[in-house]
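Below you'll find the structure I mean.
Chain nomenclature is as follows: A, B and C, assigned in order of appearance, with residue numbering initiated at 1 for each chain independently.
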Amino acid sequence: MEYVISVLVLMGIYVILSSSFNLIIGYGGLISIAHPIFFALGAYTCGVLSVNMSIWPPLAVALGAGLALVFSLMLSLPSLRISGDYLLITSIGFQLGLLEVIKHLSFTGGASGLGNIPNVVDFGDRSTVFAAISIALAALVFVFIRWLIRGPYGLLISAMRDDELVYTSLGRNAMKVKLVIFGIGCACAGLAGGLYAYYYQYVNPDQFEILQSSMILTMVVVGGMGSQWGPVVGAVLLLFMPQAIGFLNFPPSVMAPLQGLLYSSLVIIFLFVRPQGLMAAFDRNSSRPSK
Amino acid sequence: MTFSILLQILWTGLAISSYAVLFAMSFSLILKVVKIWNFAQAGFMCLVFYSLYVCLNIFDWPMWIGVLASFFITSVSAIGFFRYGIETLRARNSTSLTFFILTLVVSQFMGYFFAMCFGTEPISITKNIMSPVIMVGGIVISHWDLQALGLTTLTVLTLFVIMHKTHLGQFMSAVADHPTLARLYGIDVNRVYLYTIVLACLLMTVGMYLFGLKVAMLPNTPLQMMLLAVIATLLGGMGQVFGAAAAAILLSLLQSLSVFVIPSEWQSLLIYAFLFLTILFFPQGFSWQTMKSFLGGGKT
Amino acid sequence: MIPILKIEKVCKRFGGIVVADAIDLEIHAGEILGLIGPNGAGKSSLFNLISGIYPIDSGEITLMGQSLHGLSMVKRAQSGISRTWQHMRLFPSMTVLNNLVVASRYYEAENLRALFFQSGKVKGLQAEKENDAMEILVRMGLASLSNSPIADLTFGQQKLIGLARALMNDGPCLLLDEPMAGVEGQSYETIKDIVRQEANRGRAICVVEHNISFVKDLCNSAVFMFNGKLLERGSVDDLLASKTLEALYFGGQKTIPVS
């Protein structure tokens, strides 16, 4: 039971991560592999702040999301000025580079990580409370993204995606939409990071490596890029995958890469066999499936 | 800091730039002719390395057979990837997003595969990665340095001859500039792609051979080395394979020289700083025009 | 009366190719100007220069007396220049109605402060845009298609929607790039009527067309372009009677005859 509850916490976190990543690549058509680093920024902000001072947890989480937003602009502004393709390259650099920086800084605990993040839930059963908060936040993020996509802003996103030149000739600013989508997506990742840090009370650079971006990408591609429920389905399914392979009692040094292998294989298979993902056919509001 | 230390660092930096040049040229060549950002290159670099490792350490084959075998394996895999992966997506008119995802994920896939097979400890292809040295005028020159520079120069010259003095080279230029037109002129575009991929694999093989003789590697390492190849390609200008080579030498040397200015633990970050500077100031590649327009504020 | 659109000595070249060679042109309110010439004459390029896709090398383009120099594509659209495209280029992932709504000259939801903190007002404005779009669709007789995806439309209908989209800008200057290409029957008549109506409302309209009967039917005057140069101008009848036109456009001659 305890186990199911902790999976629920993780599920909420990953629904936020996959939905926000889907906003960036599925709806925005931007490609970035730097989602884990924004996740990390949120986590480390909460960790560092709460270890060094007593701070109201929701404020710390908000600051984490805010920092992720600011950093997202540092990444997107120079790259998108050139083209969407450049964002990919700079995101690789950002992901790898910023992680290196974190490993070298002392106040982040360096390569061995930051522990002793204080417990902020001392009422009721800790895990259950966290599970409730996690699911609630995930629902909030989901509803927010849904509101954005289905409202007037959603038309901007679709049109920009369909034909950027014509979009611009109508008097609309394509760059702004991209920056906003990227910013919101990264801020949500930062939000998830804060939740993660407070639940596990320990953050470590290895948790935010490229394996994370594989996992999140798999959730989005398998669930269905550009559909709203797709990333949710993807997150739920893929969280159960480690359990599915857990019965193979391989040592941990094999399990981690094996997981990565399975995630990458799934993406490759889906890219060729069912590029629209699992959910696209069922979702009225999905954008044109990317091929 | 004496002159001889500077010279030593320059020499060693130049020698190390050898494999950087080869990886950069490989990436740039594929981008120029096949027109894809081949992030799967990191995966293929792993393939070269680990197949060489297996040939040498498990089958106990001599080095030259191992190198040939890994070149063959990588070429076949790369051709297969292109034919069944890239071509399929092209036939579907997939967006560049899909291509990026595919090439990146293929690299990740290979990385995980090799991590699963070979573990998380760094391994090297030969038991001993120290090579004998000679002293010339106060500078330490290792046999590896000489081999690296010699082999790389030979490879670059060969590529130059192929690209500028052979029919294949002309076809490659034609396909790079205008594939549809090339096809209309009777050039077998797919065959040109094939040869290009094989050439890129050759560059990768020589590069990984040299790299493997010097460094113990993790499956993750090629992805980080790719970054230098990508930056060099950007800096050298899209479609300029030899420009990418020059940029790779420059970046490598800067990395080596930076030891004077930056504490060693921050050195690994230099490459990322280069990336951002390139994107900010030279996204179309370095050219004197861009430089002048920055300095003089004149019209380009 | 000052012209709505004024093009003075505009030049543009791409490497060795001259797409615009000292072009002088004026379009007044209520005027429908035909821009004819063989393919490659520079007609669509002129539209691209006016709408701001690339900058001119020299010369001046003025809209309602204000220079467009240095203005981005976005700003030019917001000043009231709208255009259609040779290949329609509608947004395939959106319905017909939404294709039009997103083309309004001002789109308040682009502003984040308005989007998040004035959502009521934005909603109201959005409804207004939908009404404007429906009005245009009704005028075209396509109201029933408002919720259809673009893929369900016939070629002629798509052309009409492309025109409708340009009309959403409600601006003084309308550039129509081959609005009649491949169109026949009812759609043809509808487009003709709509363009005439818009001219009567005081817009300045420039039409690139190969369909000579359309040009004769609709345009007040026309200009003939060849190799980036504006060779002749005048009433449509005069132009069509010109010997130069006959040689270069209908006769297939490759160079300008020395007179």
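Simple rule for what comes next: contacts are C-beta pairs under 8 Å (C-beta built on N, C-alpha and C of every residue); 3 or more make two chains touch, one makes a residue touch a chain.
Just so it is clear, the structure is predicted and the values come from calculations on it, not from any experiment.
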| item | value |
| --- | --- |
| Fewest hops from subunit B to subunit C - one hop per pair of touching chains | 2 |
| Centrality ranking, top chain (CA atoms only) | A |
| Per Cα centroids, the chain farthest from subunit C | B |
| Higher-contact pair (C-beta pairs counted), A-B versus A-C | A-B |
| Distance from the mean Cα position of subunit C to that of subunit B, given in whole angstrom | 48 |
| Centroid distance [mean C-alpha coordinates] between subunit B and subunit A, Å | 31 |
| Euclidean distance of C-alpha centroids - subunit A vs subunit C, Å | 43 |
| Complex contact set, residues of subunit B against subunit A | 37, 88-89, 92-98, 100-102, 104-106, 108-109, 111-113, 115-116, 119-120, 220, 223-224, 227, 230, 234, 265-266, 268-269, 271-272, 275-276, 279-280, 283 |
| In the complex with subunit A, residue positions of subunit C that touch it | 51-53, 73-75, 77-78, 82-83, 85, 89, 91-94, 98-99, 101-103, 105-110, 112, 115, 119, 122-123, 126, 165, 169 |
| Subunit A residues within the subunit C interface of the complex | 151-153, 155-156, 158-159, 161-163, 165-173, 176-177, 180, 287-288 |
| Residues on subunit A engaged by subunit B in the complex (per definition of touch) | 25, 29, 31, 33, 78-79, 82, 84-86, 88-90, 92-94, 96-97, 100-101, 104, 210, 214, 217, 221, 253-254, 256-258, 260-261, 264-265, 267-268, 271-272, 275, 290-291 |
